[in-house]
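One chain, chain A, appears in both complexes that follow, with chain B as partner in the first and chain C in the second.
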Partner chain A sequence: MITGKKNFLAVLITMLIMVACSSSSDDSPSDSGDNFDRGALLVNMADNIIIPAFEDLQTKLSAVDIARGNFINDINQTNLDLLSDAWLEAYKTWQYVEMFNIGKAEERGGDKGFVSFFNIYPLTIEDVQNGAASKNYDLDSSNFHDAQGFPALDFLIHGIANSDTSAIDKFISNTNKEGYISYLTDVVAQMNALNNSFANDWKNNYRDTFVSATGNTVTSSLNKIVNDYIFYYEKGLRANKIGIPAGNFSNAPLADKVEALYKDDVSKALTLEALNAVQDMFNGKQYNGTSTGESFRTYLAFLDRNDIVTLLNSRFDDARQKIEVLDDSFFSQVNTDNTKMTEAFDALQLAVVTLKVDMVNAFDIRLDFVDADGD
Partner chain B sequence: MKLNINTYLNKTTHAAPLAVFRIGFGVMMCLSIIRFWYHGWIDTLYIQPKFHFSYYGFEFIKPLGNYTYILFFICGLSACFVALGLKYRIAIISFFLSFTYIELMDKTTYLNHYYFISILSFLMLFLPANAYFSVDNIIKRKRYEHIPKWTTDSIKLLLSIVYFYAGLAKLNSDWLLKAQPLKIWLPSKYDLPFIGEHLLQQNWFHYAMSWSGALYDLSIPFLLLYKKTRWVAFIFVVIFHVFTRILFPIGMFPFIMIVSALIFFDANIHVKIINILKYLFKLKKEFVSLKTQPYKLKYRKPILIIVGVFLSLQLLIPFRYLLYPNELFWTEEGYRFSWRVMLMEKMGISTFKIVDKETGVFFYVDNKDFLTPFQEKQMGSQPDFILEYAHYLGEHFTNQGHKNVQVFVESYVALNGRLSQPFIDKSVNLYTEKESFKPKNWILPFKDDIKGL
Partner chain C sequence: MKKIALSLFVIGSILTSCSSDDDNNTDGIGNNVVVPATYEFTREGNSTVSFGGQTTRIQMSEELISALKDNTQTEPILDGMFAHVEGEADFSDANLNASDKSIRSKTAASEDYFKANTTAANAIKADFDTWIASQASEVFIAWDNDATAGNAGKIQEGGGGSTRYVNAKGLEYNQAVNKALIGALMADQILNNYLSPAVLDAGANRADNDAGIVVDGKAYTTMEHKWDEAYGYLYGNEANPAEPVTNADSFLSKYLFRVEGDADFAGIAEDIYEAFKKGRAAIVEKNYTVRDEQAEILREKISEIIGVRAVYYLQQGKKNLGSDNGSAFHDLSEGFGFIYSLQFTRQPNTTEPYFTKTEVDAFIATLTAGNGFWDITAEQLDTMSNTISAKFNFTTAQAGS
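For the complex of A and B:
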């Protein structure tokens, strides 16, 4: 530092000359001076990613409802299996929707927004069993957030109730079978009704609000969607699906906190879908399609930060590889070789760094609303 | 030489500029405190957090729970008294102590301009700012038209230090050659009317702003001191601060600086300002029959020594970073209290791992369980925050019954548009590292070079 100070004048003069010489060549091609079209980015997200995902979930959830109707009309294992298939399809689609806790979706369900009605796990089985026994339950109450949605269906379709020997017994021989049937019906109805309202609100109302809020304030769409996106990746994906079962936040692994505990062999499939959803969103890839549009990726490219794009995609890919080597059932994986789970967590965590530090930094938006002066 | 100093110290100047400064300062501070309360920040910054980050050596200074409101009230009231010049000496002591206490409660909220207020109010303890146009004049039935010249000059010097050192700090390769961090900050203000979509996106504009910002800071003290350029300089001051106020969330600071810069003007302008105030508040009569006396400073010698030492320290403290071996922007050792204002964009994420030394069993901490979002953001990229928080976590989990607690951190930081890189050595148990003024050897080296001051 001291020697640097001595040569300071020389350095300053050199700086002057360098800037004078390099000012014209410094303009990179992407820095053409025109502003990035954030409106186009929001339109691509809304029209090609978010709304199609909500609509697909509508389709998949009505298929669940049909399978449920068929099952109740004719209670047998085949129909239960068909219901299970429909459930799994819808659950996979849900992985593309969960990050969009915005608009009408965030108005209900407390802190966790609409996720409260779809995917709070681990399930509190007692609430389901007591609900079926007493027929006294309220799915709108926050006490039942952890007793509905996909996890509740998972238990109802695949889990074995107290004193039963197989899953289907709930609906055949269990003393509360009427209660289980109505609980199943109500859970499916709740999911359909809520998702319909969100999908319709997006199409008829919120889409235009979303697309037009192009500013850089706390309530602007880009700020909110980046916030939701990163929150989902860090909490919904990284922590809930891998970190918590692997014991990254507790003294010991908690295998029974995996997603889809009762079906058991789909936790990996769901996690891979979720990771695809996150990566597709980043790259602006159309839902269920191949074309790409304006996205976080193109915004970063505009800001001359392709280094972040490359790094993030490679970190997503690394994480995918670490997840692909896991057992189909994370429950088994945690119990047999938890190290592989924590390795997957570490790989996912690296992408958190790139998202939360590098991407947010490049966009220069605040992650959470920090209301204070700077200087 | 000695004679020269004595002649200078005996020079007098009109008391009006210091009086106007006192009024401006008091009013601005009072408004700042009200604004702080109005935004609910007393609650969110000082009452809600479970844990507060302390300055090294000031760990005993903590928020006072709900009494913190009383502290702010005292501070705001003192500022009003300062503005009025009512019991000035007690008021300014009370202001200095309460304001400084507030600032020391949690370093999360550290801002250069708060530090500026603290040291400026310290300086004002020793200045006869109530000599002229003050309620004290009316009470004592006397006033002083002339005060020692060094008193107003010391404020001018302090202001000049702020600007000039802020300018020196900008003489680095990131600021001048890469236009960082303005290259990050300006384009993100795309939603500003007129300039947002176009001007703020231009590469040349980022460079122009960086260079003119540095030039402004370096030259403005001289332009303000030199009579012929003073008015132009003041217009620059207004434009510069208003522009930064539009671009950045910097609260009251721009207005404080604009009002402060008035002290550079000659007394006749301040007399006019005072006449306007007299007219507005119908105070013409009150000051007519006062006896005018020459001002005599009590305890002159000790005061001169204190002020002299204080100003010398102000010149030296910003250079203490030279005593540390590594990149200043990266380690931030010697970064604060040095007028490094809006100088870098640094962002980090720090994930803490609690390990049982015997069994190797570990878990990660969710920072949100302990910190507010603002604290987490500040902690993420500043080593002294990371260390203090690591100790807090170590204590917390030890008290919870965890055995052989070790605290490690995985930390990544991005500086001025570079990709994030590992920040802290993740193999170092921070729970056994002590805070000190020594270089922190557990900060990983910065894998780049920033040239300059």
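For the complex of A and C:
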């Protein structure tokens, strides 16, 4: 009944089916498989978001250094307050930068890359106090990752050292006051030097590498930036700022693990900046501007997945509402009504699922981490 | 033209073959999932089955529920068992002490139900914390008192039976913890975590499984391991987990054995074992449609264990209420825990439990109103039983005996 010709055709089709089915998932990451212009997206990210953010942080950190100089030349509370203001402005800008652990920024500092030098908290306060006392500290050593950057400045400007009664005593009456002044100066210098090197490398070198790596492999720019972006959202924002203090990864809440513990009343403001940074990045919104360009959002639209765009933006907005009802001080919020903290966490978590499953699948990008929480 | 037509035909065939594995499994093509006789899977001669963490948590839970019945224990000791920290000497078994696992961290902690609902998860964890603390602060200190309405103490089952230790409402906290863990730990982790595509297919799991990429230093792919971890929460304490006999622990294994022993439900143990084997074999064959079909079967059958035992204990409690309160309160305490566990069940092909947390909280409120079991009526127990049975595929009469 079956002719030889049909048999041949059947065999051919079967072979084609086998090839098509077995290679569908392991071959596809080598090219993007769609005709979206990844290069244009990378250009918008580099030129309108990433580089301007690093440059603005340069400006803000310079202002911190000037305020620091004014303070140590004339140590008084007014100048310390001005230093605090400059610190807060820079810390807010940092929220737009922390997700870009790529290029020169990821060369040092271990898995956390440049974040290790800017925003590891909680601070190990003993390292700062012992460093000031002994003048024997090495900010390049991993032992001091948790004793520098914005958290160290937070303590130096707002915290009270052992045996002192106010923050400024460190620099006036403390037996180690010279050490504290040196420590302050060295922390600010380290932050400026590192960020200058990142900003300059982006402008003079890495920018071209970044925008030309348009493929779909683990080392392609979009793959790396998507991984960094989601990791930042899940770990840097959701877990570090909200989840860990709320006790979602421990047996009890840990209020003293909030960001900016010593200033105390800015943890909400910093978190809101971070959420804005995440949402602006998603939508391709120019740093400190209003225009938008090629982005995760337009890529999804290109793929006919506006459903994901709508869902993500509404989840970001919902999370913002849950954060806005929190106390300015997350330390106070955890201690007075931690349920509101976990509700904010839950709202943030909903977007994690959309990012890690829906968006990543739409982009056909492989995540290099599965669960930032660990078991 | 002819070439184009042929190409289209071929493409059509490819699309069909790739997207409809499920349809193909009953006819010749693609029927590649052979169910092995036992739960044994190997790669290049090495077993790929592993669920040590599940065995550990079952054994930690066994020590916890034993300690809850020992009035020489203290709340810190009990808390340490529930929320073990690596290296602390919380248990009699040194292997458990050395473990970095804890019961509490996996209580109400599934990906599907609680990852984005830590607010509810915290409330559930707090319930366990409260039961454990209250066992020490209310019941241990009244160990030698006779329990009366509104007063904790001991109450002996009729006919010279066992002595039970209850709180002021007649509830045995140790039973609440024991039976609620069946839902909050075992069922939640199995049904709403490890059998969920959100976990099985997380990250690159599917691509890795397709390509046979194993976890560093292990013989299994991540997806294989996740399925095994589901298996481990039911069979992890078996002497030979590959060929389980059930009744190997005081949790899900025991109550699968009990439900299997009720003629109305005979066959459920085999159904569950078969579904676990077939789903695991499907992962080996990269047939995720068959895998997910088995997951839905497991969601239905394992949820049914909890539903049947909830109704069973309410009905048993009703029988002795007023005449033998020792026996009645013991049954109602077990029922309390199974009812609590209902919120962790999973209706197949949905994202919903058979009863939501709000519904379960209402049941619990009824059971504990006023003086609790001292006040509850047979009518209330029947109403609750019928409400539960109606959601499942059985009657109160079938479950109640």
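Following the convention adopted for this analysis, the second predicted complex is superposed on the first by the 334 of 375 C-alpha atoms of A that agree within 3 Å, B and C clash if a C-alpha of one lies under 4 Å from a C-alpha of the other, contacts with A are read in each partner's own complex, and residues count from 1 in each chain.
Following the convention adopted for this analysis, a contact is a pair of C-beta atoms (placed from the backbone, for glycine too) under 8 Å apart; a residue touches a chain by one contact, two chains touch by 3 or more.
Keep in mind that this is a model prediction, so the values were computed, not measured.
In the superposition on chain A, contact of A:246 is made with chain C only, not with chain B.
Judged by the touch definition given at the top, the superposed model places A:303 against chain B, while chain C stays out of reach.
Shared-chain residue A:195: touches no atom of chain B or chain C. With both complexes superposed, B is the one of chain B and chain C in contact with more chain A residues.
Of the two partner chains, chain C is the only one that A:339 touches; chain B does not reach it. Of the two partner chains, neither chain B nor chain C is touched by A:267. Contact with neither chain B nor chain C is seen for A:148 once the two complexes are overlaid on the shared chain.
In the superposition on chain A, contact of A:176 is made with neither chain B nor chain C.
In the superposition on chain A, contact is made by A:357 with both chain B and chain C.
Shared-chain residue A:214: touches chain B; no touch with chain C. Residue overlap on chain A between its contacts with chain B in one complex and with chain C in the other: 12, 26, 243, 247-248, 251, 349, 352-353, 356-357, 367, 369-371, 375.
Within the complex formed with chain C, the chain A residues making contact are 12-13, 16-17, 20-22, 24-26, 29, 243, 246-248, 251, 338-339, 342-343, 345-347, 349-350, 352-353, 356-357, 366-367, 369-371, 375. On the chain C side of its complex with chain A, the touching residues are 9-10, 13-14, 17-18, 53, 83, 104-105, 115-119, 122, 198, 202-207, 210-211, 222. Listed in rising order, the residues of chain A touching chain B in the complex are 1-2, 4-5, 8, 11-12, 15, 18-19, 23, 26-28, 31, 33-36, 38, 214-217, 220, 243, 247-252, 303, 305, 307-308, 311, 349, 352-354, 356-358, 360-365, 367-375.
Every residue of chain B that touches chain A in the complex is listed here, in rising order: 39, 41, 44-45, 109, 111-113, 171, 173, 176-177, 184-185, 187-191, 196-198, 201-204, 207, 211, 248-253, 321-322, 325, 341-342, 345, 347-349, 351, 361, 363-364, 366, 373-374, 377, 410, 412-414, 417, 419-420, 451-453.
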